[in-house]
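Below, each structure is written out as structure tokens.
There are two complexes below, and they share chain A, which is joined by chain B in the first and by chain C in the second.
The block that comes next holds the complex of A and B.
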């Protein structure tokens, strides 16, 4: 179920003094089962783009296609879209509202014509998937949990719908390093199970470790689209866009500037470590 | 060389202790004379300048906290969100002491109690057990709670949650008005606060039209206008893009270096903690360790126990060591790492 944006533009508050073009003729296609990162400076149009993909905004011009069908076409069944595309917003913990964790996670499922046993098993699956113990937590008040747990519950609510495309807006901000990693491992498992993952993040290390492809937006335009190592290869360009490259990449870049012959397509930690060990053995380090 | 260092240390501690005892007898009631520290306590491997510097850092801090006033002085703080007497403690017998003008980072996994602890500093949570003095004021004394809150400002993760006005200068004036600041003094205090965060000229803008880093600096200016002694940053950079994070961190460091504010920083970014004077590590509601960034961030065992990861240069240092490549010093920043690698011989 590929996602396609065809010349999509979006303007906020058109015709008012606050008129602002958020997205300008963006064309991009994301295939089934991809793991894509979206980067960009604050205000570049990232959130607008994912809301367009999820059908929460209607483009000012251009088309958003899912499986070749225009999702904003009058005859398109929106219910189908909601079932297939799951979106996790920034601060998803703010969307909790039910009296218990179980009710909160089950909220979307209630609209899927499932029987109560199916609902319970999906809720249990979703909670276990995000690393929470169903039996322990299902009767707790969702509002009494810690920040990290609340976020997991909110994400479980989206996962319970078993979306084929999962979109996440800055899902790891505020998580501790270990929680960050285990959350990304979770996305990796979903990705391996066939789910398409689209993740917006400023964290270049995490994107470098987990995604295969990165889209870079700047002032509403798609300025880069490619494999992670290609996007991170031009450190100067990324700096000009006020974006980070992964830290292993940055260290390789700094070493390169000092005249050390280290490969400049390093993205991940292990790659840097291997290159450094290799360099030392071959006498490449001073 | 060794004897010289010992002499310097001995003198510094003795001076600090006796000066402190005369000036602040209240603070010294339970501080033992530091005569226990002697040459035996200098690490065996003292030939390495790194270890000497760690040691001197620690002694310097001891001398400093002994000498100066304390911004935060907490003993035996326990807290439970459920109900008093519950065994489910969010804070479990926490003692913490922060000197005036210090920059302290508090690190720990989600749910380790960092936010619960700092909410006590601002009396957003009231003490259930233990004692706490903030800027010399007893946190238990509800009569002076507003005085305490003026002394200790907080900046949270999401600035959008705290804007009350659609115009920057009105937003900053809000706190001043609540503290009955004479109306004619408000404009100058607002401009001073904006200047401190590098946002002069934004008086008439709408906070909602600003970038994340700018919003966070406006939130900080609202706090600064009240001239607090202590500022707590509770994951204030978590949601910012790299540029916004740099802006905020630079501002925080300037407030520490030039304005001598006491800074308490909660963060999940180890790179931000590198610049602190001292780090506290929390786990499951307890203080697991405290020390200088060099002591704490290079201790792999400790960080693993706290469910934290060392900064990337430290990981590289140890992983290279395993591969038989020995760097002379353990680097804390990317720049230090590159220096060490280029100097490798």
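The block that comes next holds the complex of A and C.
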């Protein structure tokens, strides 16, 4: 189920003094089962773009196609869209409201016409997937949990819908390194299970480790789109856009500048280590 | 937020935008008195001329100033009908049970409706041309005399300005939560009233929680920066009234006076 944006523009508050173009004729296509990262400076249109994909905003012009169908066409069923595309906003823990964790996770399932056994098994699956113990936590108040647990519960609420496309807006902001890694591994498992994952993040290391492709937005336009190593290859341009490349890539770049013959398509630490070991063996390092 | 909310401040460069907010508040009160003192056809005609002049000078579009009509239409109609039906008059056109339709009643209804409309237009202009923070400061300085009867005006002023400052933040948060719940399948888009009512809880609870959380954080932050109650706080900007402010004030007073005596 590919997602396609076709010449999509979005103007904020048209016809008022607050009018501003948030997205300008963006055309991009994301295939089934991709793991895509979106980067861009604050206010570049990242959030607008993912909300357009999720059908929460309607483009001012252009089309958003899901499986070849225009999701903003009058005939497109919204319920179907909600079931297929899950979106996790920044600080999802603030959207919890039910009296128990179980009810909160099951909130979206109410609209899917499932029987209660199915609902329960989905809730259990979603909670276990995010690393919470269903039996222990399901009767607790979702508002009494710790911040990290709340976030997990909120994400479980989106996962319970079993979306085919999962969009996440800065999901790892404010998480400690352990929680961050386990969260990214969770996304990796979902991705291996066939879910398309679109993640917005400023963390170039994380994107370099997990995603296969990166889109870079600047002032509402798509300025780069390609494999992670290609996008990170031009360190100067990324810096001009106020963006980081992954740290291993940066190290390779600095070594290269000092005349060390190290490959410039390094993205991850393992690659950097391999290259350095190789260099040491061949005597390329002082 | 694709539709502009009613009462939104619209940054601009008109004469009215640059007036001191205190002057605008007092002039607004004077104009309300003018509206209440008006009850004749020539009076309303001159009010209309005045409104046109005000819109012209403030560069507020008529569409913005009349933006409230749509949401208040039913309310205005009810006022008109009630007045028409229940006004006690010596010569009703027709009577049935407790209802008497009379010319006097219709006039009374029209009177009330017109007053509300003019009031709303003037307040739209006030809100469109005055930044919320300026309005809060103006209110604070106008309330100052109440200190002498032991009303904590400084605290009130802080409360008002904090509330005003947080409106956009809370609106943004509301929008975000609405979207998040929509994505989880809440049906705000639904036209069915029952579903619409059921979808209020997922919106209201997180908004209240968020507001409390912010209030907690803000009070901590304020105390950490040395806030110890409102007494004897100094103000960052001290703006004396300028010539045009005093002129505007005199104009408003003159309009009020003329309108009250002429019509």
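In this section, the second predicted complex is superposed on the first by the 286 of 286 C-alpha atoms of A that agree within 3 Å, B and C clash if a C-alpha of one lies under 4 Å from a C-alpha of the other, contacts with A are read in each partner's own complex, and residues count from 1 in each chain.
Basically, a contact is a pair of C-beta atoms (placed from the backbone, for glycine too) under 8 Å apart; a residue touches a chain by one contact, two chains touch by 3 or more.
Owing to the predicted nature of the structure, the values given are computational and were not obtained by experimental measurement.
Trainee: Which of the two, chain B or chain C, is in touch with more residues of chain A?
Mentor: Touching more of chain A: B.
Trainee: Quick check for you: in the superposed arrangement, does A:147 touch first (chain B), second (chain C), both or neither?
Mentor: first
Trainee: Thinking of the overlay built on chain A, is A:260 touched by chain B (first), by chain C (second), by both, or by neither?
Mentor: In the superposition, A:260 contacts chain B only.
Trainee: Once the shared chain is lined up, is A:243 touching chain B (first), chain C (second), both, or neither of them?
Mentor: A:243 sits against chain B, while chain C stays out of touch.
Trainee: So, does A:176 touch the first partner chain B, the second partner chain C, both, or neither?
Mentor: first
Trainee: For A:161, decide between first (touching chain B), second (touching chain C), both and neither.
Mentor: Touch status of A:161: second partner only.
Trainee: So, A:78: does it touch chain B (first), chain C (second), both, or neither?
Mentor: The answer is second: A:78 touches chain C but not chain B.
Trainee: Just chain B (first), just chain C (second), both, or neither: which does A:108 touch?
Mentor: After superposition on chain A, A:108 lies in contact with chain C alone.
Trainee: Pick out the shared contact residues on chain A: the ones touching chain B in one complex and chain C in the other.
Mentor: Shared contact residues on chain A (touching chain B in one complex, chain C in the other): none at all.
Trainee: Considering only the defined contacts, which chain A positions touch chain B in the complex?
Mentor: Where chain A meets chain B, its residues are 41-43, 90-91, 144, 146-149, 170, 173-181, 202, 242-244, 247-248, 250-251, 254-255, 258, 260, 269, 272-273, 276-277, 280, 285-286.
Trainee: Touching chain C in the complex: which residues of chain A?
Mentor: The touching residues are 13-14, 16-18, 51, 54, 56, 78-79, 82-83, 85-87, 89, 92, 94-97, 107-112, 143, 157-158, 161.
Trainee: Along chain C, where are the residues that touch chain A in the complex?
Mentor: Residue list for chain C touching chain A: 1-2, 4, 10-12, 173, 176-177, 179-187, 189, 201-202, 205-206, 209-210.
Trainee: Taking the touch rule as given, give the residues of chain B at its contact with chain A in the complex, in rising order.
Mentor: 81, 108-111, 115, 157-158, 211-213, 235, 238-244, 268, 270, 307-309, 312, 315-316, 319-320, 323, 325, 334-335, 337-338, 341-345
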